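Note that chain A is present in both complexes that follow, paired respectively with chain B and with chain C.
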Partner chain A sequence: MDPSVLALYACCLLALAGGAGVIVLRNPVHAAISLLFTMLALGGAYAMMQAHLLAALQVLIYAGAIVILIVYVIMLLDQGREEVPHPFYPLGVAIGVPLAVLLVVISAPAFMGASAGPEPLITGPEDCTNCESAAVMVKKPDGSLVEASGCEDYVDTDNDGFTDCNDPDCHDNQLCYGTVRAVGGSLLGPFVLPFEVASVLLLAGIAGSILLTGRRPKELEDVIAGPAIAPAPGPQVVSGEGRGQA
Partner chain B sequence: MIPSMDFGLMVPELLLIAAGIVVLLADAFLPREAGKDDPRGDVNDPRGINLGITLVGLLAAGAFIAFGRGDVTGAQETFEGLFIVDRFGDAFKMVALLGTILGVLLSDGWLRNQRLPTGAFYALILFATTGMLYLLSATDMVMVFVGLELMSIPLYCLAAALRWEDRSVEAGVKYLVLGSFATAVMLMGFALLYGFVGIYTGEATTRLDAVVTAVNAASAAGELPGFALLGGVLAMIGLLFKMSAVPFHMWTPDVYEGSPTSITAWMSVSVKAVTAAVLLRIFGGEVLDALHLEGILWVVAALTMFLGNTMALTQDNVKRMLAYSSVAHGGYMLVGVLAASSAGSAAVLFYAAAYTFGNMAAFAVLIYLSRVGYEVETFDDLKGLGTKMPLVGAVMGISMLSLMGIPPLAGFFGKFAIFRAAVTEGYVWLTVIGLLTSAISVAYYLRPIVVMFMSDAPAGTAKATGQAWTVRVALVAAVLVTVGLGLMPGGTLDWALESAQALVAGR
Partner chain C sequence: MNTAFLVVSFMNLAFVLGLLLNLGGLLTWVERKQGAVMANRIGANRAYIPVPVGRDPNGAGGFKWSKRFTLMGLFHAITDGIKMLTKENFTPPFVDTFVYNLAVWFSAVPVLVTFAVVPFGGPFQPGVMMSEVLTMVGMTGAAASVGGFFGDGVYHMQLANLNVGLLFIFAIGSTGIFSAALAGWSSGNKFSLLGALRSSSQMISYEVFMGISVLGLLVVYGTVDFNEMAQLQQQTWFGVIPKWGVLLQPHMFFVFMTALMAENKRVPFDMPEAESELVAGYFTEYTSMKMGLFMMAEFLEIAVIAGIMTTMFFGAYHIPGVVAATDAMHWAMHPELTPVNAIFGAEVPHALVVVLRVGAFLFKLIFFCWLQILIRWTLPKFRYDQVMKLGWKYMLPLSIVNVIATAAFMYVLGGM
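Coming up: the complex of A and B.
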């Protein structure tokens, strides 16, 4: 078997083991470290599937930033010292396990290529070894086989001896999906609109943090104490909680 | 490859984004301590500058949609088809914008009572509205996702606006956690559908019309794989969550009770209308049958109408009662989504409009009666309202009757249109369930009326006075439109039908 495929399976197993660890381990810090392994292993899996940029981002953002954030939260809440009780939910297992099996059964054909539906046939010419991927034959709805698109039809523009994703007319190729160039090209090409709308989303996040860090207005209590407001239907009650915080 | 960009089609969205940014910037330069002498004045924005910018932005966006589109009748696309402008989307955009304008007017009253700063609050409302508009123009799975997030994330923050109150924090956290989970489920569904389209057609695309075409073709050929069905179900679950359809409604009462009253009002109408429109755009037509979703949606609609209406019976808090009532109204809209003919789509549009104004009137009454330091939200607070303040009591009564579906109010024609479309499309039993559950709803919609007009106010209560003009305007506008839509539904029904035909023709 191809070593990269072996590495892919190893990464996937590690990711699964890490995920199981997050659920099973009782010490929150241990669970967080277990999550770190899952994130790293997923990054490795992406790398093995040619999604290099995604792999880098996965390590940078998830393994780097998010897990650290989780560890910080655990530290701030002072949760690391004691083990959380770990009740066993028979009902959860009774529902969860069959659901997981069902999910695998339903979605396996998509990944095994053994679906009742169309079958992708991987065929590659020998001279395309450095291609990011070989040509993929796909069955159309009418039953005919067509070549989805490979790199071998393209011109070796940069004269490095290969037609690959570095060649301009090849990097639009959908099979060159994982490279920085391909992802960047998508983000600022066909998907420029969602990319820009996402920036509005970030702005909304900032506005939200302004809103959520606001303090309870001091003036509220003065106003309630004063006689300026005519009584309205309902008893004159003020929620006492948190009044001292302002 | 840079796609062709026609920003002229996107003017309403850009106006709202600009208004949001201007509000945030203007807020930084407003005097901080002004308004202290006026107990009902706004602490941070005594002249209502933030409110003014927000309203101008919303009105300008609405005016552009109403008058600025030119004579083009068909659908117009830009950004390689990622953004579409058609009559259907525009009609729902108008409904969403009208709901937002009423929500902003009510927010002014609520913010005055809470003495809260206004800038970030209005900016979040504007950004969420932008998300709604993008969602209504989305023809691509990526845009549906981004639009949905842009609509939801500001709402999570707004729900927790009263950070020092446990209820509000609970609402925000619950909405955030469950909402993110639902979005993740929907993304999983989109991923499976994307994989299916890639394998089946050999072309990797996130376009919804390509997905629908491939699903229909595969279904006709009998080779639709199980994971594509799973993808369809998961994609729909995310949207049903936003619609708070049973069994994805658990968050609704807590979030609606804990959120700022004006945000609850706005959420319950505009988010629901937008989600119904997206459901119609994605799942309307034969794709629903191809994905075997028809039966599922039937059951979900029936359960939503039944549980929403029965759970509302036992509530003592008016906001919670209206929350369950909104669950039930989501169920009626789902009936219209099932009957996705042009008549059915038009019925959903009319229903959304009628529900927007009818529901807003009820919430407007709650905010009208509230004052600094005290929020009116239980049935006990409404005791004797009918004798102390007959006009306000009448508004609440009209709102309840419209939600109930009593002629000649807007709600009646909404329900009538939905059920007529459903019967035409053969959903007779679902219509029977809808009518029976409407009968159940009479019990809890009558309760505020009974409390208001047949019990005495507790000693020592007086008329509520000193409301902001914004709340008065919202109150009057909501009730006038509710009555007006009921007395003269013809023009609006025709408009809805024309808009819906644009959707059905494009299928």
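Coming up: the complex of A and C.
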């Protein structure tokens, strides 16, 4: 079997194991680390499926930002030293197991019909006409000569130092699957409206979090907190002048 | 995947690992010696090996040993390693063992992995290069067989030729935060926990504008691929001035370098360790080589930062004014990028090109290592609130303004 397919399956297994660990482990930090390995393994799986940009973003955002925030909050609250009790919920099992079976039943046909095997990992185009004439012999990084059958990431059809998917000569080549140029082109091209709507949604989220956690204006604070309580008498602070005289 | 490709990959791997691990050791010496020179001290000069210099006049058949063969204190790097490896590997009873040991891995591995996308010498043809060298020394038979083995395939002097280049560095680099966070939490020590909290908040804060600060440069380059950045920096203004990143976005050079240095957690950004306040911060409870790996990771990161700065801002492996004849194909495809080949004519031996490029890259790399250690011994430590203020109130707004201004400028100009 192709080593990259083996690596893909290894990543998938690791992701599943990590997901199980999140549920099973009773220590919050251990569960967070388990989640981290799930995220890293998903990144690896994306990379094995030639979606390099998605893999980088997966690691950058989920492993690097979200899981680290989870760990940070656990540390800040000084939780995680003691194990969380492990009660058994019969009702949870009664709801969860049928739902899991339902999920498998619904999604199985999609997987069955997807493909006969793991072959179409690279869904490239049939030709690369924008770069050069359609059928040219190109040199792969390993030195072997192949006919240019797709704008693959590592092929430099016109031998100018730019791989096809990033070649300025191939501007309208939207077929380079998973590359920065292709994903960026789709985000700012056909999917610009959902993209912008998502950014507005995120902006609303940021504004909401500032409103909920930030300092309120003084007059509003009084309304919310009620009459201010006088501070408890603390230790007497000796002023600088007093010390000097003593 | 044929054998030649594997052989070249292992050659690249050997070069990068050899370079980084040796630099990690050497930089400990540079740190000591340069700090000593800057502070007008003599510096690292104690470690030595005895060398026989002649017969012992008193003893029968014995040797007379030289007192000090210190080699400018270079042996200190070796003695450090021996010391770390032979000290007691003590795990305190109150730590969370699994997390405690995992954190060590997160310190050194991301640093080493990030260097995978840094191109250290551009495209090269090992078959052509080796047969040239072998022919020069007169081994024509070997030259032919080596040339036949490699063919005229073009390879990159880079471990992983990834399309996502810079994003890969950000992604892998961001997992480095886990080393400090998990080490501090698992140690079960208040100082460690404080160090971990500080390091997490500092690294998260500086990561925010580390990405934004280079967005302007990415707009100019139009790519995040390091190989293409290197190619683009061969262009010139008026055929003389190289279009290096540092000349395109000089202000962002400083911002990006600041962010990278803050990620490295060394003076003046050593809040997480803060020797005078937190003992050793997040790695207080670590001993022997585990502690050594935390230290080693910081020195490795100096070299990796130098590599990234070189590639993005200082023309990667290019020497200004010297353009390799092997890129003739590139120039034929892009006549607008006129090469300036002032020193050599049209035909330059490929082996010489490779040596010049790798040499240029190493020279710039060492320059940036020196610069970082210069900064470390020049600036005093910041206060914690100063670090946060610098990041959020100055660097972040400056980066955002730069992105908008650069984008507007490029829109008006319609290209580079």
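Here, the second predicted complex is superposed on the first by the 146 of 246 C-alpha atoms of A that agree within 3 Å, B and C clash if a C-alpha of one lies under 4 Å from a C-alpha of the other, contacts with A are read in each partner's own complex, and residues count from 1 in each chain.
Convention: a residue touches a chain if its C-beta (ideal position, glycine included) is under 8 Å from a C-beta of that chain, and two chains touch if they have at least 3 such contacts.
None of these values were measured; they are calculated from a predicted model.
Looking at the shared chain after the overlay, A:Val104 reaches neither chain B nor chain C. In the superposition on chain A, A:Val192 contacts chain B only, with no contact to chain C.
Of the two partner chains placed by superposition, only chain B is touched by A:Ala207; chain C is not. The wider contact with chain A, measured as residues touched, comes from B rather than the other of chain B and chain C.
Within the superposed three-chain model, A:Val71 lies in touch with chain C and out of touch with chain B [touch as defined at top].
Contacts of A:His30 after superposition on the shared chain: chain C is touched, whereas chain B is not.
In the superposition on chain A, A:Leu6 makes contact with neither chain B nor chain C. Counting contacts by the rule stated earlier, residues 141 of chain A appear in both its interface with chain B and its interface with chain C.
Residues 1-2, 4-5, 96, 98-99, 102, 123, 150-156, 161-164, 167-168, 170-175, 177-178, 181-182, 184-186, 188, 193, 196-197, 200-201, 204, 207, 222-225, 227-228, 231, 327, 329-330, 333-334 of chain C are the ones that touch chain A when the two sit in their complex. Those residues of chain A that touch chain B in the complex are listed here as 103, 105-107, 109-110, 115-118, 120, 136, 138, 140-141, 146, 148, 172, 174, 177, 185, 188-194, 197-198, 200-201, 203-205, 207-214, 216-217, 219-220, 223-224, 226, 228-239, 241-242, 245-246.
By the touch criterion given at the top, residues 1-3, 5, 17, 20-21, 24, 36, 39-40, 43, 79-80, 82-83, 114-117, 119-121, 123-124, 127-128, 130-131, 134, 140, 142-143, 145-147, 149-150, 153-154, 156-158, 160-161, 163-166, 172, 192, 195-196, 199-204, 214, 217-218, 221, 223-230, 369-374, 376, 378, 380-385, 388, 457-458, 460-466 of chain B touch chain A in their complex.
Only residues 27, 29-30, 33, 36, 40, 43, 52-53, 55-57, 59-60, 63-65, 68-69, 71-72, 74-76, 78, 80-81, 139, 141-144, 153-154, 158-163, 165-166, 168-169, 179-180 of chain A touch chain C when the two sit together in their complex.
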